[in-house]
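In the two complexes below, subunit A is the common chain; its partner is subunit B in one and subunit C in the other.
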Partner chain A sequence: MIARVIQRLLASLLVVFGAVTAVFLILNWLPGNAAESIAGEEASEQTIVALSARLGTDRGLWEQYHRYLAGLVHGDLGRSYVTGEPVLRHVASQWPATLQLTLVSSLVAVTLGTGLGVLSARFAGRWFDQLIQATVLLFASMPTFWLGILLMLVFSVQLGWLPVIGNGSVAQAILPVACLGLIGSAPLARLMREGMVDGLNDPYVTTLRAKGLLPARVFYVHVLRNALIPVITYLGVLVGELLSNAVVVETLFARQGIGRLTVEAIGQKDLPVVQGSILFIAVSFVLINLLVDLSYTVIDPRVRAQ
Partner chain B sequence: MKSLEQATVDHGPPEITRGAAATLAHTRRVPARSTVRSRIHAIKELPAVLSIGVLSFFLASALFPQLMTHWLPTNMAANSILLPPGGAHWFGTDQFGRDVYSLVVYGARQSMLIAGFSVLIGCGGGSLLGIIAGYAGGWIDKIAMRLVDIWLAIPSVLLALAIATALPPSRRNLIIAVGFTLIPRQARILRGQALAVRSRPFIEAARAAGASHWAILRGHVLPHCFAQIFVLATINIALSILIAATLTFLGLGQHDDRPDWGYLLSQSRSYLGIAWWSVTFPGLAITTLVISVNLLGDALQRRLDPRRATAR
Partner chain C sequence: MLLAALAVLASCGRPDHGSGTPGDSNTVPVAGGELVFAFDGGALTQFDLDPHKSTFAPHHRIMRSIFDSLVVLLPNHQFGPWLAKSWEISPDGRTYTFHLRNDVKFHDGTRFDAEAVQFNLDRIANPANALAALTDLGPYVSTTVVDDFTARIELSAPFSPLLANLSKSTLGMMSPAAIRQWGIEVGLHPVGTGPFRLRSLQPGSEVALDRNPDYHWAAASSAHEGPAWLEHLTFKDVPEEATRAAVLRSGQAGAADLLGPQDILPLRKSRDFKLIERELLNHNYSLYFNALRAPWSDPRAREAFKDSLDIDVAVRTVYLGTFERAWSPLSPSIFGYDKSLEGAWKPDHERAARLLDELGWTLGADGYRAKDGKRLTVVFIDGQGNREKRLDLMTLFRNQLRGNGIDLIIESVPTMGGYLQRIKVGNYDLAGGSLFAPDPDVLRRVDTPAVRSLAAISKVNDPELTRLLEEGSSQVDPQARLPFYRDAQRLIIDRSYAIPVYVLIYSIATAAKVEGIAIDGHGFPVFNDAWIQP
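Showing the complex of A and B:
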């Protein structure tokens, strides 16, 4: 088992290194001169040259990459083009807000998604199941930002129950969490329903029934537990989806967080900050997937036995 | 119709034919059951039929927007700012006095073009990578799958965001950004399919007969992956519409005044409190389009992948 943990850790490390390289290449290798776009169109040749020397973008790509990696090892993500402050400070100050938002909405998504999935499977083929499936399809097909706008429109503008934007109070967090939670619950509900409906046809269900177990116990204990396994696998993907949707939700609801930081940095062409935030999100995404993967060892006896 | 009736009459008295059919139905019940089944089938396919209708509307809007509305989306009028939906302006007007309905109609082209071409990149690139990796196996497969792992480590919206940031804003670059994020998932699924096909006996037979790898890939492996590629393509169209709308909503990739649903929403969201219509209809267009594509994808999957269909 320890060998498995070490193997997974090494694989994740490789993926993180690859992601660092990929993000670096995307942002630094692709066309588009950072100094030119920061200095503006009217800037003289001299200003641009001086600016690129200051930003370090006049060096070769390989040397920039080298310096970036060396910095990373020492916990240095570079400095913001705009404020001149270390990127790490920017990112770290915004990170807790995003983490909080993502975790709370994941909880909402999982509760709602599995609940709807179980109900849907319980009434499979009936109108209630069809209603749930239609709702799930709607949430799966909606852009996150539009759901956010609709929630604002109904609960803030029309009903006046909740504040439109901002962060700090719990009331201000309700709509963003609802928005992310609803979007995140859709694939989970589908997965759960499919797992349970498929599970009911498995041979072990026949055995349990033949044994004389109550149908409710078969459904809510045995089939449910087995259907949860793919849901747990999906948790890793879900957190990634919610982290990237947080970019939209934070911008829309004017909340603090790494997502809004990223969008603002993109607007200002502040590439080190963009790079740092995306890396932060990617690394946490990899870590969560690693955790999910390792949790299998505890949850699924078939994996434990290997 | 007439000739058909005549034909039955020619073959014998209709009473006897009807009676024979009735006996047949009574003893074997085959015709009766098949009508019920076809009726159930028809109800099941109703969403797909509806979605084809909706898609045709959007396709017509994308191809001939001038036939769908007599307003021009670029038409700004100071005397018709933020008018609620009504006779002249079905979906109302926005803060520049533009007709929202015509903006929605003209925006269809942008959305469908981006979705179509990015799926071409995503499905094409992903299928190529996946099929070659799955068929070749060994170190090629290992390297390709590690690459896919890294690709997937950056959540798709963020990856598209990074690429769209690095490239100058244009529709072509938006397509590239969205298309590249679709590649890894496509590759992973098709690699699995190719791996499964590779071990089937007819591949061995083809190899024994002296077929080259290229011929086997083209003639045997690829045809067995078509069903999967089609289903994934529809799912990816839905996904790419959503990703592209998100990017333009965040202000990326937009460089001219071509109507774009996501960009439209980002412009009009400041008027949320006074003009619900200008934020409702463009979003409704995106959602309706994506729902239709998803429904069509479900129907395709039922048709092309009977194993999953019976399992449900």
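Showing the complex of A and C:
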């Protein structure tokens, strides 16, 4: 078990290193240079040269990469090309909002998704199942953006129950979380339903029933537990998906967040900020997937036996 | 529904309180309270409130409340006192002597004086600092501290736009102590002399300001002396147009700027809200050809393109009457605007077809024109998404141009750097842009090769135009400048270097109880006189 964790952690380190390097290369490969986009359309060549020198973007690619890695090892992520602020501080100030949003939305998505999936399977083939499936299809096909505006118009403008923007209070988080959670629940509900409906036809269920177990116990304990395994695998993907959808939600609900920050920084070629953001995102993504992997050992005895 | 039927208050550009507004509302300003202002912060989440460094208009809308200028732009292109009580300009137009107020303090308690002016202007003028406001200073040489409260600016040549530029927030006065303390990070710790001072700043989300209790040096344009009425002023960055409308309608914000035309129209009729609108002094959003590249180096090709457009229809369709179409690259309220250009040019499909035939671009069976087997395409590039619905406009233009066999290709370049790079190397046919500016000298900044940057969308290189614009900026007598700018605007339109498209109207929608928000002569919001009905 411990060996497995260490092995996975080392592999994760490699993934993070790869992500940082890839971002460095891609951003440098993009046309244009940072000094130009920061200095703006009116800047003279003299200004651009002075700015490049200050930012260090006039140095060779290898030297810039080398400097970046050296800084990284010492916990120094550099300074934003735009504001001059240390990246660590800047990204760390935006990160909690996104993490909170993503995690709470995942929780909502999982609860709602598995709940709907179980209900759907329980009434498989009947009108209630069809209603749930239609609802889930609706969530799956709704653009995040559109759903967000709809929620805003109904709950803030018409009913006046919830604030539209901000990221301080619980009330301010309800609409964005609902937006991400509803959309995130759709694939989970379908996965759950399929797993349970398939599971009910498995030979082991026949055996359990023959042994005289209560149908409810068969359904809610044995079949459910087996159907959860693909759902848990999907969790890693879900978090990634919600993180990328967070860009839209953060913009729409005017929230702070790393999604907006990253997209903006890419547009400005603010390399240190992009690198810092990707680093945070990559580390969390890797950690969550690690947790997902480890949770198999709890749920699936076959993995524990390995 | 909030869409009430009666029309009550429409546009007003100047504060109107104290003058007996009809109805039961209180017209005597009440001090206190907080105004939440939802502003369009665009894609930028990093607040960099260094007025000398930033060229981003939305951030200058915040900075205008934090930083004061030496002079203020008044109606009719006059200038009034602000941090400077009075000034003299030498007959040769090369020396400006400013007599400063002696009772002004920065938010950090340090004194505003001639040394502060010198420090600010020298900071901008130093190319190593790479500050965007450098171009505003023109042929600046130095600032001399004559005495504690007298500063003399020396220029190497006459530069008539100087006063107008000094009235911009880009040349706002920052605390030298703060600049020394924070260095390159000063944009996160803005310290000025303005009516509001920074309380807190959350990147990408909000800038919270408190009233400056010591403030008693309001600009000549202000409706009252003394500290601002509002206790707190909070700018919330709400980049989504639909969300800004929602925060205003739900009451979470007292005011919001730049709503979409579809939101502005019902607000105009509503008695729960007010709309304040004012033209931004601007180089209007204009389309510029890459005049260095064939076939657009030929004025006939540019004319044919221009004649194929119906700008009236496009602007009306996209902005629903909230923006006017433009006739000149200069917005109508800028000094020197040539009103006679209005209506002077219009779409002419026959002429366009004739010109293109003459040039050898013949109409093919596919409905597009071609020459030597090559289709007549125009590659338009843009780097700012659909800002101000510009790409919607281009889509309409695309359909109009197709009627004359011209194939307009719209390319949205995802990064600003990539966009500027393409402009720089000339890998495009057409691009569009605007530039906020208080003086017709903006034309020189855009259209003369020696002044503009390589990344400027205008590639115009016309000695006659250059001469007109240089003469215009170096006349000491303002009236003497007028004929040069009239001729320059005519020339730009006649030779089809630029196709002006629309005049940007900066608008703020407020709840009915919010009073006194003004939009200054440049088109930036001023909150010094704002107050909230209890």
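In the analysis below, the second predicted complex is superposed on the first by the 296 of 306 C-alpha atoms of A that agree within 3 Å, B and C clash if a C-alpha of one lies under 4 Å from a C-alpha of the other, contacts with A are read in each partner's own complex, and residues count from 1 in each chain.
Just so we're on the same page, a contact is a pair of C-beta atoms (placed from the backbone, for glycine too) under 8 Å apart; a residue touches a chain by one contact, two chains touch by 3 or more.
Here the structure is a predicted model, which is why all the values come from computation and not from measurement.
Q: Subunit B versus subunit C on the shared subunit A, clash or fit?
A: Subunit B and subunit C clash in the superposed model.
Q: Identify the partner contact of A:45: answer first if only subunit B is touched, second if only subunit C is, both if each is, neither if none is.
A: So A:45 only meets subunit C here.
Q: Considering only the touch criterion stated at the top, classify A:194 as touching first (subunit B), second (subunit C), both, or neither.
A: In the superposition, A:194 contacts subunit B only.
Q: Taking the superposition as given, does A:266 touch the first partner, subunit B, the second, subunit C, both, or neither?
A: both
Q: Using the superposition on chain A described above, determine whether A:61 touches subunit B (first), subunit C (second), both, or neither.
A: neither
Q: In the overlaid three-chain picture, which partner chain does A:171 touch, first (subunit B) or second (subunit C), both, or neither?
A: Neither partner.
Q: Where does A:153 make contact in the superposed view: on subunit B (first), on subunit C (second), on both, or on neither?
A: both
Q: On the A-aligned overlay, A:285 touches which partner chain: subunit B = first, subunit C = second, or both, or neither?
A: After superposing on A, A:285 lies in contact with subunit B but is clear of subunit C.
Q: For A:251, using the defined touch cut-off, is the partner it touches subunit B, subunit C, both, or neither? Pick first, second, both or neither.
A: After superposition on chain A, A:251 lies in contact with both partners, subunit B and subunit C.
Q: Can you give me the overlap between the subunit B contact set and the subunit C contact set on subunit A?
A: The answer is residues 30-32, 149, 152-153, 157, 164, 251-252, 263, 266-267 of subunit A.
Q: Mind listing the subunit A positions that touch subunit C in their complex?
A: The touching residues are 30-37, 39-48, 50-51, 54, 79-80, 82-85, 90, 93-94, 149, 152-153, 156-157, 160, 163-167, 251-257, 260-261, 263-270, 273.
Q: Going by the contact rule at the top, pick out the subunit A residues touching subunit B in the complex.
A: Where subunit A meets subunit B, its residues are 11, 14-16, 18-19, 22-23, 26-27, 30-32, 137-138, 140-146, 149-150, 152-153, 157, 164, 194, 197-198, 201, 240-241, 243-245, 247-248, 251-252, 262-263, 266-267, 271, 274, 278, 281-282, 285-286.
Q: If we count contacts the way the header does, which residues on subunit C are in touch with subunit A in the complex?
A: Answer in residue numbers: 2, 38, 43-48, 55, 127-132, 134-135, 183-185, 187-188, 202-205, 236-240, 242-243, 246-247, 249-252, 414-424, 433, 435, 445, 452-457.
Q: Could you list, by residue number, the parts of subunit B that touch subunit A in their complex?
A: Touching subunit A from subunit B are residues 146-147, 149-151, 153-158, 161-163, 165-168, 238, 242, 245-246, 249-252, 262, 265-266, 269, 272-273, 276, 279-280, 283, 286-287, 290-291, 294-295, 311-312.
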